[in-house]
Amino acid sequence: MVKILSPSTYNGWFHFPVRAQPHNTDYGGVVWHGAYLSWMESARVECLQAAGISFADLVAEGIDLPVVNMYLRYHVAVKMGEAVDVMTRLAPLERLRLNWEYEIRTTGKLCVSAQVSLVAIDRAKGKVMRSMPPILEKALERIAIAQSKQPT
Amino acid sequence: MVKILSPSTYNGWFHFPVRAQPHNTDYGGVVWHGAYLSWMESARVECLQAAGISFADLVAEGIDLPVVNMYLRYHVAVKMGEAVDVMTRLAPLERLRLNWEYEIRTTGKLCVSAQVSLVAIDRAKGKVMRSMPPILEKALERIAIAQSKQPT
Amino acid sequence: MVKILSPSTYNGWFHFPVRAQPHNTDYGGVVWHGAYLSWMESARVECLQAAGISFADLVAEGIDLPVVNMYLRYHVAVKMGEAVDVMTRLAPLERLRLNWEYEIRTTGKLCVSAQVSLVAIDRAKGKVMRSMPPILEKALERIAIAQSKQPT
Amino acid sequence: MVKILSPSTYNGWFHFPVRAQPHNTDYGGVVWHGAYLSWMESARVECLQAAGISFADLVAEGIDLPVVNMYLRYHVAVKMGEAVDVMTRLAPLERLRLNWEYEIRTTGKLCVSAQVSLVAIDRAKGKVMRSMPPILEKALERIAIAQSKQPT
């Protein structure tokens, strides 16, 4: 499950493969529109993990990364059983906001595109952090480098 | 659960009350960002129901209303146990697109604001309908009238 | 949403009404087997609430009520749009174990029957409590009394 | 994601690895009791897939495999971020009932044990099938053989 940082995994995007399971579907036999959010969150967590950060450790250290806004466009519904590629990449930091871009694809077809913004929060104070915590900053740098590499 | 169309229920908005239950929460003790989508969908379905349309019947008649895009802003996290007012109203029709606006509140505090756009689909053809089906058009008119009334 | 303790609400069972919404369904157009667990949890929380206990307050006071085992029988699948009556009652205490019984019905038809057992945990110690906390004991007594009353 | 049938993958059990993600957790920072059902379903689907059956194809051919009963015991709560091994195996067929056994473990610790029973349904008739459909029978045999092999 855990991805390894390498140009081939990246090529600009971090890839998180899933299958559309029965519990992801609705009455239409396709993935329910809200179920994509779970996949997107998993892709974010695994991308950070690949960059050396455990999200659970981050939370244990008093830092949280709540979603502050989210935009999704649904192009084609993913059908039950399909193999899905949840692709994500981090846009350049906008002050202290992490902007994740998403493309969710099945064999080349773009099904969902999305943007999700997070901020770093000091859990004890319940406030947005004024500067990026060093542990997170380092991981974001690693992701930026990995994203910029081309596959050989 | 089913709401009755009246100025007091409306006053511009349809109100769908819920409580933040344990299964809606995440490790932070607050509602997980994706859980709001279920509440928003329930509010839409109940608003249509109050206007005389059963969503299940609509689907049985070959019409679907998939989400085509969605924008959410998270202002304040809802805490476990809080009583929540999921408010929704329909913006004026933009061609054949249903634009639902949302405000999710706890005792006067705005927690989430959102916009969700749906289109009517012919399930058999898998295509967007060129004209609004009469059954749906009638319900949308009823919602528009209810929304415009002021409480006495 | 909050139910009031009275013989008519009870008649042996606490009733929690829901509708089968699109997000509860799977590819079969019926409620996904795991979705019933959310309804069952909500019914438990609202039953305690009606007996004077806020589950969120209980957790804030350091007491948790995790599920230790669960048995479900699926008789008839609930269809999208159906009005559902999630009925629950507390079996007589078995030492310190809360055994909740469930019947999930649509217009008289039994769809799911279940039993769910919980124990009271001291959150700080992470251990099962040796005696029922007084706040919980009082609520359980109130539920027992309400369950034993007949509607007039 | 798709597992390959081999004694090492099996050794009696089919292994489906997951990570406990934020959306799986509740206010306690651990996996919500109902979230295990999604993992268990995924493990079943992937086990059948490894044996040559696509669950989505099965449904498309008019066969469904609904859950008829389920028993779960919760021993230790899985914490956010933990790597989890969802293990499943098929008990010998009991007439036409598929009985799946589960052990959900984190680094050697047994967290949840469960049994889930399914029956094959003719989707058009809405009735339990009187004999196992050949496509399913073949896959079940392959699983039985894989389960009986020892790793070399």
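Letters A, B, C and D name the chains as they come in the text, with residue numbers starting at 1 for each one.
In the analysis below, a residue touches a chain if its C-beta (ideal position, glycine included) is under 8 Å from a C-beta of that chain, and two chains touch if they have at least 3 such contacts.
None of the values given here were measured: they were computed from a predicted structure.
Participant: If you average the Cα atoms per chain, which one ends up farthest from chain B?
Facilitator: D
Participant: Between A-B and A-C, which chain pair is linked by the larger number of C-beta contacts?
Facilitator: A-B
Participant: Averaged over CA atoms, how far is the centre of chain A from the centre of chain C? Could you give it in whole Å?
Facilitator: Centre separation, chain A to chain C: 35 Å.
Participant: Cα centroid separation between chain A and chain B, in whole Å?
Facilitator: The mean C-alpha positions of chain A and chain B differ by 27 Å.
Participant: Residues touching two or more other chains, restricted to chain C: which are they?
Facilitator: Those would be 22-23, 27-29, 34, 37-38, 41, 59, 80.
Participant: Show me the residue ranges of chain A that touch chain C in the complex, using the header's touch definition.
Facilitator: Of all residues in chain A, those touching chain C are 22-23, 25-29, 32, 34, 80.
Participant: Help me check something: in the complex, which residues belonging to chain D touch chain C?
Facilitator: On the chain D side, the touching residues are 27-28, 33-34, 37-38, 41, 59, 64, 66-74, 77, 123.
Participant: Quick one: which bits of chain C touch chain B in the complex? Just the residue numbers, please.
Facilitator: 1-2, 17-19, 21-23, 29, 37-38, 41-42, 45-46, 54-57, 59, 79-83
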